[in-house]
């Protein structure tokens, strides 16, 4: 018996998520759980014909939840690095994104070059790929790693604790919508291009195969694109949630 | 020099060659002493001479290292001896009263009878009231210890012991924490108890009490019994230099 | 069939694959974090003592002018979480025109937070000194400050060592919260191990081991200082 | 902007109430269980059996010396490897109860040791059994010393309960993190979270103060 | 009835119509009393009669509500009076010694001279050693209070007061917390101090001491001075029923 059989028998797909803000995973105005990744997971469950249960952890709890078997799979905007791949099984990437630099719109840092000045305070998320990239892109800067999610970076830049922020471009775009329009300058150039993928355990090969199949299917039939257009490539979601 | 034990060992309290150490300190040295039923023995001696330790051994608050200590026919330290039971036969009155501060006078007196002797509460309370009346505290039945003077507290402590109807009463300097005026209140109660025929050992320096009711005065020094005799003998012709010096100091003022 | 039994049969459990080698690889990082935690906590605790002494002195005054504000501060701090206080300082101060470095904010927050608890400990310690000691000082013509310095505080200090140790331990552990505002201390090292390598068990158990080390270190220190002050050898109870 | 944020915040009040509810229920259950267990451990610890006493001491040290986050992780994520599968709420209660018991054990031990030996001796001399001595004489007097710090400890434990969000429970602190994503004003949001805790904790602090004053008055407070 | 004050008010300690309340309790009632320089006054009376309160007022440990209290020419409660300075002229020996437990005997004696009188440390230590020798404790200079017997502790406390070279010494039941044998050690030191011409007020029930050195015995009851006279008068012909009853109780044993 494989994991898929277990899920079918259980009638329940258990998904670990991190509610770390728009556009991937958030709690909407009415208190409902939603977002790009969340909707994709719901779609998976629908295709499996089972109900879905979300397990909501913070960053520290995500991996243990998967490894301890509390969750079947992990849906978060997670970059599948090779080091991480030693421990969990990633699906094929379902979208590409990259880290971007953002600054306060009315500040004196206007371009990515400005941020390379010595001693510039750059806010990144602890453990996120942006942290690594900021270190290579801004070797002379003073990198500050925050814990607690993307909105905190925006808050830090907005309040002047940091001059620039580096985070996943989709996250920055999604999360900056909570501020009045034009609060931040988001640099057009990306520091890197990186894939996002879902994760499961290596002892669930059947689930991994199925998830890859799922991603192929939704790319082909356009449901993936629709999801990304709604959540990531525009702020169309804002009026609904 | 030791007090002569009764030959056939019928004493209520029988020390036979008892030794006790605290670490390297030999606090009781080869104590041999027998107290007959209904006898009143006063123990005196300088501070640190082992008086408290001596009487604390009797109800097992201290354990002895060698020698025999037989109380009411039961050997202490013997596995066959039920200490908790034996203690109900022995009343102990402390220098600092040690009343239970969270209980009224009556509750202090009835606690052990109710929980140890399993006497029904109303019977115990009846008896408790009578005892408190006997020690002159009929009107303080519901007072807490903090509301009583030292002399009153010590009388409650004596009533608490009497409530268990013990065969033996031990007193460890029962009046030395009291105001001068209150000492006589407590001594009067003790005299009354003695006159009813209780077996008593009393550590005290109240020589008036010793003269009045003691059959024997035991003088201790450095853990040993140095002298023992009737009060008249002891006060008028102390046999050793040590006891003479001691008496001169405590009787001077 | 439960997933747990399935997992325990495979090689993907967190304990079975526990990798000491990776921990060793990250040891320098843990070392740095440990050093930061230690000096950060030490400074904060010194700050907390200063804050605590002032607050305790204020709350022991008879007049309300000092006592009431001190008590209000102490209660407000005790009734709210450190997280909220940290936020208040980190994001609130800039609104008042102060942008302070994270480390400064962190040390400030920990000092102000622990200071409230230390104040209560010191107050209790001072109140535990028998009245007669105060009177002996008064009777020999000492001023308030002399009495405090020569008679009361040295004795109160002994009484307060065990609870102060307890508070120091709480502070050391609370300092982990500073990783929120980008101060990289001991906990952060473990979190990096967990998020770079996906080895949460290794990360968190190593953190726990280091904190335990600090705990026993502090306990030893308290016992030593107790002996140094001529106390009885500390009971094993703390 | 502030107006809009406030509106958004008002919209989140059901979530906030739910978070407050989780915090209160979790704390309440753990504190009751932790108090019972803590008293048990404290009594055993002073009970004279060296082995038991040392074992309890070591356990208390271990729990006091390690981060609560790690303890809760071990219970929730590592115990399943030994076949003990718990849901997040149960794991949270177990972890918090254990933490509470360890801290309360120390408080109880201090209380029991503060009862003058003369009291125990008086009880011994009147033939009370071990349990009767504890129940009738020692504990009632120890409570004077135990109660004020006990209530103070409750406040600390209620605040510590926020760590349960790490294993997926949506308590009051977690609600703060969720709301701050929509309302990017951390200051305001966490001020409100702080207020939530204050409402729960402040009455307890007042209670602790009153108890302390009552017990202090009974012993005659020192004036400087 | 009150003790007659010196008419011109030259007394070292002058109570004139002093009243004190604790809440609703009038603990000192209209006290008028004058103590001349070099006079030794013994205060006695039942527990709770206000003896401690009386002498505690003298060095301002208690404040008075009305009446005048003039010590060494300075009026207490007068804003012009520097209490801290005045206190250095008054030594106070407590019933419970109140030695500083974290300081050695010598440090206890030298602490106030060094910090209050600003005497150089080595001079103060020299003087401290001499004082300790005078009270018979030359060999206990570096002992901590916990290592001393009660009698020794009280003697250190007396030396501590003498170290400030006070004009007045006040004693509040200095021997009542002591073992019987140790009482005489302390009384001997007090007699020596009295014989050197110190002004002293002593609350005590040691009637031997009163007979030996007191110029006057003051008997208090319920906050008032009931009787005052020379020791001979007081012991042989107490004037009131209350003092007769009191004397009969404390002299009985």
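In this document, chain identifiers A, B, C, D and E correspond to the written order of the chains, with residue numbering beginning at 1 in each.
As a working rule, a residue touches a chain if its C-beta (ideal position, glycine included) is under 8 Å from a C-beta of that chain, and two chains touch if they have at least 3 such contacts.
The shown structure was predicted, so the numbers you read here are calculated from the model rather than taken from an experiment.
Chemist: Please identify each chain that touches subunit A as well as subunit D.
Modeler: In this structure, the chains that contact subunit D and also subunit A are C.
Chemist: Give, as an integer number of Å, the spacing between the C-alpha centres of subunit E and subunit D.
Modeler: About 51 Å, centre to centre.
Chemist: Please report how many Å separate the Cα centroid of subunit A from that of subunit E, as a whole number.
Modeler: Distance between chain centres, rounded to whole Å: 82 Å.
Chemist: Just give me the whole-number Å value for how far the CA centre of subunit C lies from that of subunit D.
Modeler: Measuring from centre to centre gives 17 Å for this pair.
Chemist: Touching at least two other chains at once: which residues of subunit C meet that condition?
Modeler: Counting only residues that touch two or more other chains, subunit C contributes 4, 7, 13-14, 91, 95, 130, 200-201, 204.
Chemist: Scan subunit E for residues touching two or more other chains and write them down.
Modeler: none
Chemist: Find every residue in subunit D that makes contact with two or more other chains and list them.
Modeler: If we look for residues of subunit D contacting two or more partner chains, we find 69, 73, 77-78, 80-81, 186.
Chemist: What topology does the chain contact graph adopt: line, ring, star, complete, or other?
Modeler: Basically it's none of the tidy shapes, so other.
Chemist: Hey, which chains are touching each other here?
Modeler: A-C, A-D, B-D, B-E, C-D, C-E
Chemist: With touch defined as at the start, can you tell me which subunit E residues reach subunit C in the complex?
Modeler: Going through subunit E, the ones touching subunit C are 59-61, 84-88, 90-92, 94, 96, 98-102, 111-112, 115-116, 144, 160-161, 164.
Chemist: Any idea which subunit D residues touch subunit A in the complex?
Modeler: 1, 8, 11-12, 14-15, 69, 73, 76-78, 80-81, 88, 165-168, 170, 177-186
Chemist: Applying the document's contact rule, which stretches of subunit B touch subunit E when the two form their complex?
Modeler: Touching subunit E from subunit B are residues 46-47, 149, 176, 179-184, 187, 205-209, 246, 249-250, 252-253.
Chemist: Across the complex, what residues on subunit A touch subunit D?
Modeler: Interface residues on subunit A, with respect to subunit D: 19-22, 26-27, 29-31, 55-58, 60-61, 64-65, 67-70, 148-149, 151-152, 154-155, 158, 175, 178-180.
Chemist: Mind listing the subunit C positions that touch subunit D in their complex?
Modeler: For this pair, the touching residues of subunit C are 2, 4-5, 7-8, 13-16, 60, 75-76, 78-85, 87-88, 91-92, 95, 120, 126-127, 129-131, 134, 144, 147-148, 152, 166, 169-170, 173, 176, 187, 200-201, 204-205, 207-208, 211-212, 214-216, 219, 236-238.
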